[in-house]
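Shared between the two complexes below is chain A, which pairs with chain B and chain C, respectively.
Moving on to the complex of A and B:
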């Protein structure tokens, strides 16, 4: 199954828990001792399952829906401490402006995972989708084979909310932006590869953005090891899988998509690992844009 | 670490999210009587207090005394007031023409906005015609509006194109390079063979040369210029002069 979402006990995350969670990223990144987020009820280790929250959202209408559940039986499973963090990446590469028809395009390769992205816009918008004060962003994810399904819809939503948070959409009201992501091959960390390809394509199209973003996928293996940028085989063996979108300005978490069960401590460690790994991707972005513009300096 | 002096960063390649400081003292000499002139943030930059935030990737450019902008490669045109563009007439409705200029909306063009046009003497324009026009209204909240006359009512090169010629689409960066004063790209093109070029800021270039073959050669050259460095281009042009023509 796609995700082990727990249906019962659905509660909205309270404001305080939310701010605590965003505080903790700052604490982690500054290198001081990690702060454990305790659940309001039990004060014990708790399972925190977040589904597609955007932390950087400024608009109130996009409230972050979080699901939280304290699980008694599961605590035993999480006793194993995280032993090591591999903040290593598979080889990654990128090519910009490789398609002639779209306004911006990029392909991003992480190991054997490969995604191609095309951006069209700001273009004319359908009346039904028109928003009077900002551009309408549409994200389409096409799988390698077959038709897009529920899995692709969820990926589309993750990518769209991240892009909406970083793009300055109010500069182009009543127009449409279309981002098409074509999966060429999936060998793990697909969502993060989609995010990276999307960011490169948006940059290539010359759209105004407040900051850049990148995607990092972390897998927690059965023995508690955190693997960044896992392969499909590592993903399959993992007990939990999480993807974060990190912004380039303050290294904050813009979006998270998680699957499986893990402790709060592990979540913090994964966030910290992703923030560390994001540095490498942002440096890569800079180098590839530099290479692109070196021709007509 | 990003807060170094702005003028030092001119020519650097910046990415969205970068920011730099531009205090009045590094853009104006201290001897100047005016305290501090307001800084002008051009395309790709946003002001935030005395800092400039980058919102587009590209090369930082500076023009004395206080203008900064980001030069980037784009394909999609966003209309800007005063720019000359090449449009395609799509609809003829009553007293306005709807013209496709490659932006997110079609632009409107009044039939009176031509040289010598009156209510009795309408310009002869058909759907599908190409025209060179200037944007008089262009902002994000309004429909763009074109005219084919300048301030004194003269056509001044604008209006419907004659027969022949070929319309091609290039990147906005190449268009700006073609139109720049003392453009080396234009100088290289002039050495090839006599030709006529009409360049719209919306990335459309209309080419016409003596023969159809020459027109096609020029069109192909222009489209491939985008991805070439200056030495590569000059080498290609030299080969062309020595070769078939």
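Moving on to the complex of A and C:
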């Protein structure tokens, strides 16, 4: 069983690359390990951090109910029950340009979870943060109660790396972009809601992007069922939780953040489910933009 | 990020307009902007829109040990965050002058006016009391943040419900909302702040200044008052001299505004209560305007997921399998475990090694090399005298190593890895 926390930034990965990496890790892992990937095409570096490999057995997997099933992780021959996928989105909504001060703003609602985003920029940058060939992107996540902590910092990083991958930052050298996310209510799938709100706000600000992105959260429940867009209660009962950022062009994985333990096969299933689900969100993006630029309601 | 500077033309224009009793947004001198109060999904969450100014307040509670000098009083904590979302001038994590001023005024308005019964928040005297925390987040700054913040804070406090607690002997039980209905706070009165901006050294007065007006004002007077016309706090800033009559007039205006706003809060609370009782959906998601062109909402949607597991298994199957053999870990020194040949400088070694391989028919196994190293060290110890002589040029050294393996008996620098390899190669040949 893999128990991982994976973050990838700046490079988009196809499924096979993703799979190869997770397989590579499955064989090599003997504790914590980080694998650096240098993509030849883009020349950008992305890091995959695979940690906490608490239990890994290549020949036998013990499933949740104790039933022992044999499978070869590396070759991918799985003899086990097929996990069911419960794929549905809670109702979601979005409003753009709702704040007067920021250059772009949006609020995104998924069920009861809602996040508000504001974008400032491109604007003047502090000299200490200046990058000579591209814009500096700063992402801030404000929790509802209290001050931002480690959780918020990690969410900021996930969102920032996704935005950096899609934004054409080199169009605005020596300038700053600030993206502020305010959590309005958390009822599960918060990170994916943050990503969606961020994308809508960036669109509203009129910043050039190479592709759009959306966030999809999948939860694997105790009996192996995959639930997309879980509520807080479903998240609590789940065995593993993963959030993927998917790009709009080729439906590739831009960022992944996972919690809990799962098999390589389950990971692939979740990636495939997220890619399917992302179609709905991109359709929603398209509809809302069409509505916005339509002449009548 | 710096705030956009204001041009002199705009400044003069606004001041001239005020002199002519006109305001940028078409309001009269004593007019308030429109106020909208929305409550969130959970208890104690309140959004206030004051024109374009937007503020959110969230109340939370936890059980803490009380202060020593007040053992049977609950603790109130206020925190007003000037989020960078509200204005580019606000910076993250820095206490600006404005933030200190607003926080202090909010505390004086709500805590020092004793509008909340803190004694009812006591659970066990001297041991456990409720701490009520009010977080106010600014979302958009279009002037008069203080009034919006005070309305949001008092609205959130009125809306908030704390968990029920029971005490049996020494045991304190906190009930979840499912077990017992949560309890509202006991609030005596609702202090609401009203701001007045003064221009031209107090000649002109405006109620509820917007952001542009705030930039050109000379002084600001904030009066916090409740609907019983009791002044809870009063603060004048900007260093203008106000006459007694001016303050009296302001307090009269404030009393009218406060009674209007109090009524609005009560109405909003009642509306929310009936909505919750009816069991319908309430909260932020529901309050999203549907008629706006910038807003869109969808219903619950199912996603077609027929071939997900097939794609997943096909990807896993087609993925390139990594090599099954893993280099066995070696233990070079006690306390160190190592897999592979990391941490060693291999610069300029490749050519040499290749040539060696040709000569010595494959001496590349890890174990052999390490063995050689050990032997070499022993050799070096035995020949300490010769170490003094060191060959001058690298070319010569190379020649010596490759062509005349016997020459390695000549001294080498002990640390040089090329020397070690050379020695290893020569030894192997000797064995043959």
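Here is the rule we use: the second predicted complex is superposed on the first by the 213 of 297 C-alpha atoms of A that agree within 3 Å, B and C clash if a C-alpha of one lies under 4 Å from a C-alpha of the other, contacts with A are read in each partner's own complex, and residues count from 1 in each chain.
Here, a contact is a pair of C-beta atoms (placed from the backbone, for glycine too) under 8 Å apart; a residue touches a chain by one contact, two chains touch by 3 or more.
As the structure is a prediction and not an experimental result, all values here were calculated from the model.
For chain A, the partner that touches more of its residues is C, with chain B and chain C as the two candidates.
Legend: residue contacts after superposition of the two complexes on their common chain; A:249 is shown touching chain B, with no touch to chain C.
In the superposition on chain A, contact is made by A:98 with chain C only, not with chain B. In the superposition on chain A, no contact is made by A:217 with either chain B or chain C. Once chain A of one complex is fitted onto chain A of the other, the partner contacts of A:192 are absent, as it touches neither chain B nor chain C.
When the two complexes are overlaid on their common chain A, residue A:123 makes contact with chain B and with chain C alike.
In the superposition on chain A, A:171 makes contact with chain B only, not with chain C.
In the superposition on chain A, A:258 contacts neither chain B nor chain C.
Judged by the touch definition given at the top, the superposed model places A:276 against chain C, while chain B stays out of reach. When both complexes are aligned on chain A by C-alpha atoms, chain A residues 97, 102, 121, 123-124, 176, 292, 297 touch chain B in the first and chain C in the second. Every residue of chain A that touches chain C in the complex is listed here, in rising order: 15-16, 19-20, 23-24, 26-28, 74-78, 82-83, 85, 87-102, 105, 107, 109, 111-112, 114, 116, 118, 120-121, 123-124, 140, 142, 144-146, 176, 178, 180, 182, 184-185, 187, 228, 264-265, 268-269, 271-273, 276-277, 279-280, 284, 287-288, 291-292, 294, 297. The part of chain B that touches chain A in the complex is made up of residues 11, 13, 15-17, 44, 53, 55-59, 72-76, 78, 103-105, 140-141, 173, 177, 227-229. Listed in rising order, the residues of chain A touching chain B in the complex are 97, 102-104, 121-125, 166, 168, 171-176, 203-212, 247-249, 285-286, 289-290, 292-293, 295-297.
The touching residues of chain C, when paired with chain A in their complex, are 1-2, 40-42, 45, 52, 54, 56, 58, 60, 81, 83-88, 92, 133, 135, 137, 139-142, 283-285, 288-289, 291-305, 308-309, 311-313, 315-324, 326.
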